Each structure stands twice: as C-alpha cells, then as structure tokens.
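Two complexes follow with subunit A in common, the first pairing it with subunit B and the second with subunit C.
So, the complex of A and B:
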C-alpha cells in the first residue's frame, strides 16, 4: 500500500517536475513567473493531437513536433508579449501580468476556435500501465519522469558545457553583463524560451495523452509554480526536487488524511517557504549560495 | 396653426412609438458557460435554447411579438453569472431567464432573484436551488430536472436491489456542491438499505491525478465505486481505476453520457449510470438529428434541457398572456402537462420541480450505451 502510494506520489511529481523545469528556466533568466508556460503546454497538446491524427504517426515523431512546436510558440509569445516590455525596461510585474493575460487569451482563443470539447489522443503507447505484484505504474507518468530527468541532464550539459550555457548562466546572474561582453541578449532569451517551450511541448503531449486535450489543460501549471517557489525561485534542481516532494506530499496527505485538505497543505507549505526559507529547497540543500539563481 | 402642427407631429411620433413597442421583441435571457470547464455543456445548452426560440419565432413568436434571445457566458464563475443575471434583468429587460446546467450558480442566484424578481428556469439538481426551506420554494427559481437526492438514491437503489452489490465506495470533489449532494444522498440511502460504505474519498477542483484516492479504495475492496462527477473528472477517475486493475462496477450520474466512451474507450465498460434522458424516445431522436444537421456536432443532454427549459418558459408566457416577469412567474408555478423532449412537465408548486422523476439506467458494454430501462428507487 505504502509502496503504491509512493509510486503514485512520484508519478504525480514527475508531472509537476516536467512543468517546473521549463517554468524555472525562464524565471532564472528574466526573474518573473511565466504563466504563459501553461498555454504553451495546452497548445502543444492540441498540436500533437492534430499531428498524430493527421499523419498517423507514433509517439516519437509526435514528441519531436510537440517540442519544436512548443519551442516556437514560446519564442513567439516572448517576442509579442515580453520583448516590447523588456525593450522599454518595464518593471518585472508587467512581464508577470502580461504572461497571465497571454495565458487567459490563448485559453479563450482555443475555446472560441474549437469549443470546450474534450479531444483524445489515439493510443500512442501499447498499454497505459504496468502491473506486477499488486503495484500499478502508469507508463505515461513514467515517460514524464524519464523526460524530466533527460531534460534536466541535457540542460545541465548545455548550461555547464556549452558557450550558450555559459552565456545563459551569466545572464541569469545579471542580464546586462553578457550584453556588455558582446553577447546578443535577445538571441539568448529566445534560446531560453525555445528550450522552455520544448519542455512545455513534452509536457503537453504527455498530459494530453493521459488527461484528454481541452482548453484548460494548462491550468496545472499552478502546481509547477508552487514547486518552483518551494524549490527556490529560478533554481532548476530545486524546482525538480520540490516537484517530487510536492507530488509525494499531496499523495500522502490524500491517502492518509483526505483529499479535501490537500491543496490547503500545498499552499501552506508554499507560504511557509516564502516566509521562512525564500531560497527554497535549493537553499536547504545548498544547491545555491547567496542568490538562488546563480547555480542550479 | 403652429400649435396644432406640433400636436399632430407629437401624435404621429407617439403612434410610431406605439407601433415600435407593439413589435418590440420579448427578451429571453440565457446564462450559460461557453468558455470554461463546462463549456461543452453550456454550448450544447445554448444551441438547444436557440432551436426552441427559432421554432417559436417561425410560428409567429408569442403575443404577436418576436422573441429575442440574449445569451451571456458566465465562464463557470458565479460572480460573472450574477452580473449577467442583473444585466439581463435591468439592462436588457429580459422577461424570463434560462439558467446554467450547474447548481452552484443557481444556488447563488436564488436569493438575488428574490429581489430582482425575474424568474429563472434552469436544471439545477441541487434541491437547495429551488427550495428555500423545507416546504417553501425560492419563488423565482424553477427546475426541469430531478434533484441530486433522486440521482443518488436511484444509483444506490439500483446497485443494491438490481445488481446485488452492498460493499460500496464513493469518490467525489468536495468543492462541487452538485457532486457532494449526490454522494451524500447515495451514502444515506445505501446505509439505510443495509449496504456498507467501505471507502469515502475526496478531491478538489483542478485535480487530475486520482491514483492516491483510488489506491485507498482498492485496498477497501468494494464491489462498486460511485463516481458522481463531471465529465473530465469522471473520465479520469474511471480510466485511472481501470489502469490500476480495478474492474468492478462503476456507478455514476449522467456525466457518463457521450462523449465518455469516445474519451476513455474500453475503460468505460462495466459502468452503470443514472440518466435523466431516455435516448431512445422518438422526439429525442428526431431533435438530435435536427441538431446534428444544424450544428454538425452531437448534442450533450444539456441541449435537451436547454430546449425544454425554453419551452417551459415560453409556454408560461403564452399562458400568462404577458411578458411581465411577475405574471410569467405565476404561470410557471402552474406549469401542467407541458410536453418537452425529456418529460411531460408538471411542476409541484411546493418544490418548483417536476413532480415525478423517472430515471433511465444505462449500461456501457463493449463501448456501447445499452439502455437497461427506466427505474424508480425502492423506498422503505
């Protein structure tokens, strides 16, 4: 029973983690919570649905299209919704508000275009879960777990072993420094958004496969936001760890206390972290020193 | 001379004004969710209403006046719904308002309608939306649908007396008044009739992962799980339960109507649900065909309710022979033998609802909806 609940918790955590990485990545550079991340997830889910049905292809081509599509959508959102504000040196709160407005706009746009209908992927996986010794492991969630680990490792590689990564890390510390060093800051931000969008694309495909596709699909990003805050805003490693802790916490409370109180506990934890440990899990684990954004 | 000219002009203007007012449309308002979580239902309902209004207009309108439909999207937000109601009543001068297919909004509107005094015909299944206190209705709210208690009791009775299942589990959203009312009625009936609730699990709005609750239910080994939930939650719970190897009977409300099978496929097998609509009625089949032809999409049950609510309201205008909200309200209370798609409606003046609810039990088998038959709960 406990083993099953731990698996349930990790499986829920993997959903949050995949969303939280992309969310935290943008935060680490631009220092605002990008709620349009949820709509990139939602749009990618629709894109993957259309693509897999239209061309009758399997999981991996669809995944690739979702990643490229999600990345492109995120870059377009950045160019339209955030760059003009950045260019005018607008306050961070404008970016935050703009991201909420964009996410609402896109949600209602999809409702207007396609209605509040639920769409379903045709089965891209042979079976939806593995069962052995009375334990059930949902395969889609396992794929999300794998994807968030691969994404994290890939990001670590990019950030620490490539020139772009060094530039991104420099930008995360201070947005004006790389500019002084002759790095094209807009290009850097576009790359960051593309990676974040590609991660949203992965999340969109897997969420769409397991939860149906509908305009409010991106709403789950709220939990990614909680994970990012608890993880230590902007810390990728912290966000992933916090996402799994959040998934486990929610599952355990639901299992042993009752599902009605679960959200209260999640948000209380978030507030407590903001009040007493604003550098989050990353700070607790020494993943970062000083500014939560300097290191992973 | 000049003076008399003025009088003539004024008289002409008045006459013209009267002519305009004679042809002035009777405004019928509708508050539905067109863009949020229950948009699928709301859009279907709005189209059902539209079809009724078009039919009446094609037959010359009512009281010699055309009917004008004004639809507002309340985005599943109660505050937006209240604003829409006040706007319809005060600004658009709606004579009667057709309500959303969710109880939460009408629960909030009931006391407001008491002040604003424009009647609402909806299908809230929460009896508190129509009943102020036992034996006393909210004067301006009418419902074409049975109550949550009827649904919950029917499902429990069917499980116990027809399927012989007595070890029961319940899972629902504690924040959803409709779901919780049905769940409570189910539990109360089950306990009274000798069944055992072996597991009671809860979740909240926006939850998508129910495996933790389902693991608890699985451990309690029920013979059936009752899932009184909306489409998205019900589909996820059912699918996740099946993935976990829980292949017992799942009982539910009318959320298991199409597109449930389309969404979750074979996971929907071995589901029995209590439906308010018997799909094989000839008038339902005929309406559905017209709807599909007009809109190019299958209706949900809300289209039938939208249509029926409109017919109930419009027939009240006809009987009242007035577009005055107060007189329509009085006529609504005397609704008798009004033939809709789903029922022949006669309102009980004490409950403001259909006086007798006959449910249809439908089983999902090999991806097909099989009507088991009409069923009335066993009463002690």
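So, the complex of A and C:
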C-alpha cells in the first residue's frame, strides 16, 4: 500500500515537475508568473483528445502532437498577449495580469464552446494497470513518470549542452546583455515559450488521460506555481525537487487523511516557505535562486 | 420604478462598492489581490448567520462582519504584504479558496455547499445608493489625501517610496484593511438582497471581475472605474448574455485593454464636483444668453 502510494505520488510529482519547469523557464527569463501556462496545458489536453480520436492513433503520435501543439500555442500566446506589452516596456504586473486574463479567457471560451462537461480519452495504452508483488499501479502513472523523466533529462541536455541552452541561461541572468552580444532576444523568448509549451503539452496529455479533459484543467498550473515557489524562484532544479515532494505530499494526504484538506495543506506549505525560507528548496540545498521578497 | 430595474441597480451599486475597494488596493497601491471576494464572503456570511441564528439586526450584523473582516485582514495582511507582488496575489488567491473551503466544510453554521436560505431582502435601493456615495467620497478623499499619494508612490516604485520615508508595509496594510471593509460591506448588502448565499457565489473569478473593471476603467481614474463598473455590470443584464459568454467578453476586454491602452479607458481623467457645477452654470449662462438674444 505504501509503496504503491509512493509510486503514485512520484508520478503525480513528475507531471507537476513538467509544469513547474515550464513555468520556471519563462519566469527565469521574463521575471513574471505566467499563468497562461495552465491554458496551454488545458488546450493541449483537448488537442490530444481530438487527435487520438480523429486518427485513431496510440500514445506516441498523440504525445508528439501535444508537444508541438502546446509549444505552438505558447508561442502564439506570447506574441499576442505579452510581446506588445514587452515592446512598450510595460510594468511586469501588466504581463502578470495579461497572463491571468488570457488563461481565464481561454478557460471560459472552452466552457462556452464545448460546455463544462468532462471528456474521456479512449484507452491509449494496452493494459490499464500493472500488478507486482501485491501492489497495483495504473499504467498511465508509470508512463507519466517515464515520459516526464525523459523530457526533464532532455531539457537538462538542451540547457547545458547546446548553444540555445546557453543563450537561454544567459538571458535568465540578464535579458539585455545577450541582446547586445548579437542574440535575437525575441527569437530566444519564442524558443523558451515553445519549450515551456511543449512540456505543458506532455503534462496536458497525461493529466487529460488520468483526470479527463475539462475547461478548468488548466487550474492545475497552481500546483506548478506552488512547486516553483517552494523550489526557489526561477531555480529549475529546486522546482523539480519541490514538485516531486508536492506530488508525494498530496498523494499521502489524500490517501491517509482525505482529499478535502489537500489544497489547504499545499497552500499552507507554500506560505510557510515564503515566510521563513523565501529562497526555497534551492536555498536549502545551495542551488542558485532569486528572492521572494524582491520587488516585482 | 419596477422591481426588476431596482434589483439590477441594487446589484450594480453593490458591485461598485466592492469595485471601489479594489480600486484603492490595485488602482492606487498596485496590489493585485484575489482575496477581495473572501472578504465579501465573510461579510455576507457573518451578517446572514448573525441575523438568522442570533437575531442580530441587519445593521449590527453588517458592523460585526466589518469587524471580523478587519481582524482577518489584519492577520492575512501582516503575513502576506511583505511578499513580492505576484506572490501576494497568489497568497490572496489561497486565502479566498480557504475561506470558500471553510464555508463548505463547517456546514453546521454555514449550510455547507447548500448555503444559507431565506434571507429577507432588507436592502433597498436608497440604502445602497447612500452607502455607495459614502464609499465614493471616502475613496475620492483617500486618493487626494496624503495617504493616496503615499499609495501612488508605492505603486510607482516601492523602493523609492521607502527611501522617501514612507512606511510602505504600514501603508499597504492600511489600504488592504480599507479594501477589506469595502468588500465586507458589499458582501453584507449582497446577502440581504439575493435571498440566499452559497460558497460558489464567492469564487475567485468574482475577484477577477473586479480587477477587470478597475483595469478597464483605468487604474488612475476613479471616475473611469465607476463608469466601467456601471457599464460592465449593467450591459450584460440589459443584453442578456449567458454567464459563460459574459466572462469570455470580460476577459477579452481586459486583454485588449492591457495591450492597446494599458492606462485604461479613462487614463488619468477625473470628473470633479466643481467641473459638474461649472458645466451646469455654463449651460445656464448660455441658455440665459440665448434667451436674451431671442427677446
């Protein structure tokens, strides 16, 4: 029972990690909390649903479509909702408000178009659960865990071993200097949004498969936000660790205490971290991070 | 006046009172809060429960609601106002959600997700108008006073405001408490004009609605915010939009506003009493002038 819950918690945590990393990537460059990330997750889930039903394909083609679709949606959102504000050097709070407005717009648009009902993925995997030594684990959770880990490792490779990754990390330190050094900063921001959107696409597909698809699915981005905060602002490593911890914590509480108190506990944890350890898990472990008490 | 129109106007007035609270918080001080709806919930429930269960008169219940809101606001504000702005926004979202969950969870008093039923409609249109005007005058005086200027300084550059000797934390807490009172009063009025209250009336999307109105009207213009509040509350009622499309249009409006006119519809423009008097005088003069020519 405990082992089973730990594995379920880890796979939930892995999806949180995917969302949190995408969230933290944009934060590290543009320094605002991008809530439209949630709507990318939600729209990718709808896209994957439509694609897998329409063309009757399995998990991998759907995953690919979700990644490309999610990335594209994120870039479009950036071009429409954020770039005009960035061009005018608007205050960061405008970007933040705009991201919230976009996420609510898309959520209500989907509700108005398709209604608030739940859509179910048809089974994309051959068997539904895996039994081993008395424990039962849904296959979708294992696929989630595997895909997330592969994606995170690939992301690490891109960030630390490729030119684009170096440029992204440079831009995270300071947005104007790479521009002076001849890096096309708008292109770089688009690439960052694409990567973050592609990660959101993976998360969207798996969340859709395990929780069904509905307009409020994007609200789960708040978990990513909590993980990013607890992880330490803009620190990818911290966000991943915090996301796994959050997944474990939530699964344990839901299993042993009850689902009703889960959101309260995760918010309380976040607020406690903000108050007493604003530099987050990253600060505890000595990873680099920003500060929560900085000016926005 | 027919009762349908009166009920719409009452609803608009109540909405405007909570919008004014949001204007102080977000327009003047630059603090984005999703917790406004939490204070509305506190006001509504405290007043309704104290009336229905303990027979407290409406006015006393309203004041009790304000008191509870102030206490809660003091605690929440002290904890969250030292954070960065976007973290503050999220913490207030958490606050609103916690309030909603508390209302559902402690169903013995609050009726759980069913809410409280059979609240008498004590609130009348003149009552709402008087309270709204009082709130408006308070807001206007706040804006032009030293407090308002402190708030503006914090919104424009908190560090600079600190350097100038403003106790930014104290100022932000003060504004937060002000807005909590506005929210609480609006909530109490709402409870006693809609017959029933339930936790889902106090979703965080309600706070977003208020934020949209303030941004649409213009964060620098009290006049703009009041006009935007009237327009965005009345229009959907008149045009009979469905609830879903209303939010789609609201959010589309704010996206377009953020992109093309980030200062809001009215920018910095304010309508003042002397201006209105000036217009009336001017018109009278020209009317007299014309009359004179005719004779």
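Following the convention adopted for this analysis, the second predicted complex is superposed on the first by the 279 of 296 C-alpha atoms of A that agree within 3 Å, B and C clash if a C-alpha of one lies under 4 Å from a C-alpha of the other, contacts with A are read in each partner's own complex, and residues count from 1 in each chain.
Just so we're on the same page, a residue touches a chain if its C-beta (ideal position, glycine included) is under 8 Å from a C-beta of that chain, and two chains touch if they have at least 3 such contacts.
Owing to the predicted nature of the structure, the values given are computational and were not obtained by experimental measurement.
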{"item": "Clash or fit (per the criteria above) of subunit B with subunit C on subunit A", "value": "clash"}
{"item": "Contacts of A:263 with subunit B and subunit C, given as first, second, both or neither", "value": "both"}
{"item": "Partner chain in contact with A:85 - subunit B first, subunit C second, else both or neither", "value": "second"}
{"item": "Which superposed partner A:255 touches (first subunit B, second subunit C, both, neither)", "value": "first"}
{"item": "First, second, both or neither for A:274, with subunit B first and subunit C second", "value": "second"}
{"item": "First, second, both or neither for A:58, with subunit B first and subunit C second", "value": "neither"}
{"item": "First (subunit B), second (subunit C), both or neither touched by A:112", "value": "both"}
{"item": "Selected from 113-121, 167-175 or 257-265: the stretch of subunit C that, after superposition, runs into subunit B", "value": "113-121"}
{"item": "Subunit B/subunit C common contact set on subunit A", "value": "108, 111-112, 222, 260, 263"}
{"item": "Subunit A contact footprint on subunit C (complex, rising order)", "value": "30, 32, 79-80, 82-87, 89-91, 93-94, 97-98, 101, 105, 158-159, 205, 208, 211-212, 215, 242, 244-245, 247-248, 251-252, 254-255, 258-260, 262"}
{"item": "Residues of subunit B that touch subunit A when the two form their complex", "value": "33-40, 42-43, 174, 201-204, 206-209, 211-213, 215-216, 219, 231-232, 235-236, 239-240, 243-245, 259, 262-264, 297"}
{"item": "Sites on subunit A touched by subunit C in the complex", "value": "32-33, 80-81, 84-85, 88, 90, 92-94, 96-98, 100-102, 104-105, 108-109, 111-112, 222, 225, 229, 260, 263-264, 267, 270-271, 274-275, 292-296"}
{"item": "Interfacial residue positions of subunit A with respect to subunit B in the complex", "value": "1, 4-5, 8-9, 11-12, 15, 108, 111-112, 115-118, 120, 128-129, 131, 136, 138, 211-212, 214-216, 219-220, 222, 250-252, 254-255, 258-260, 262-263"}
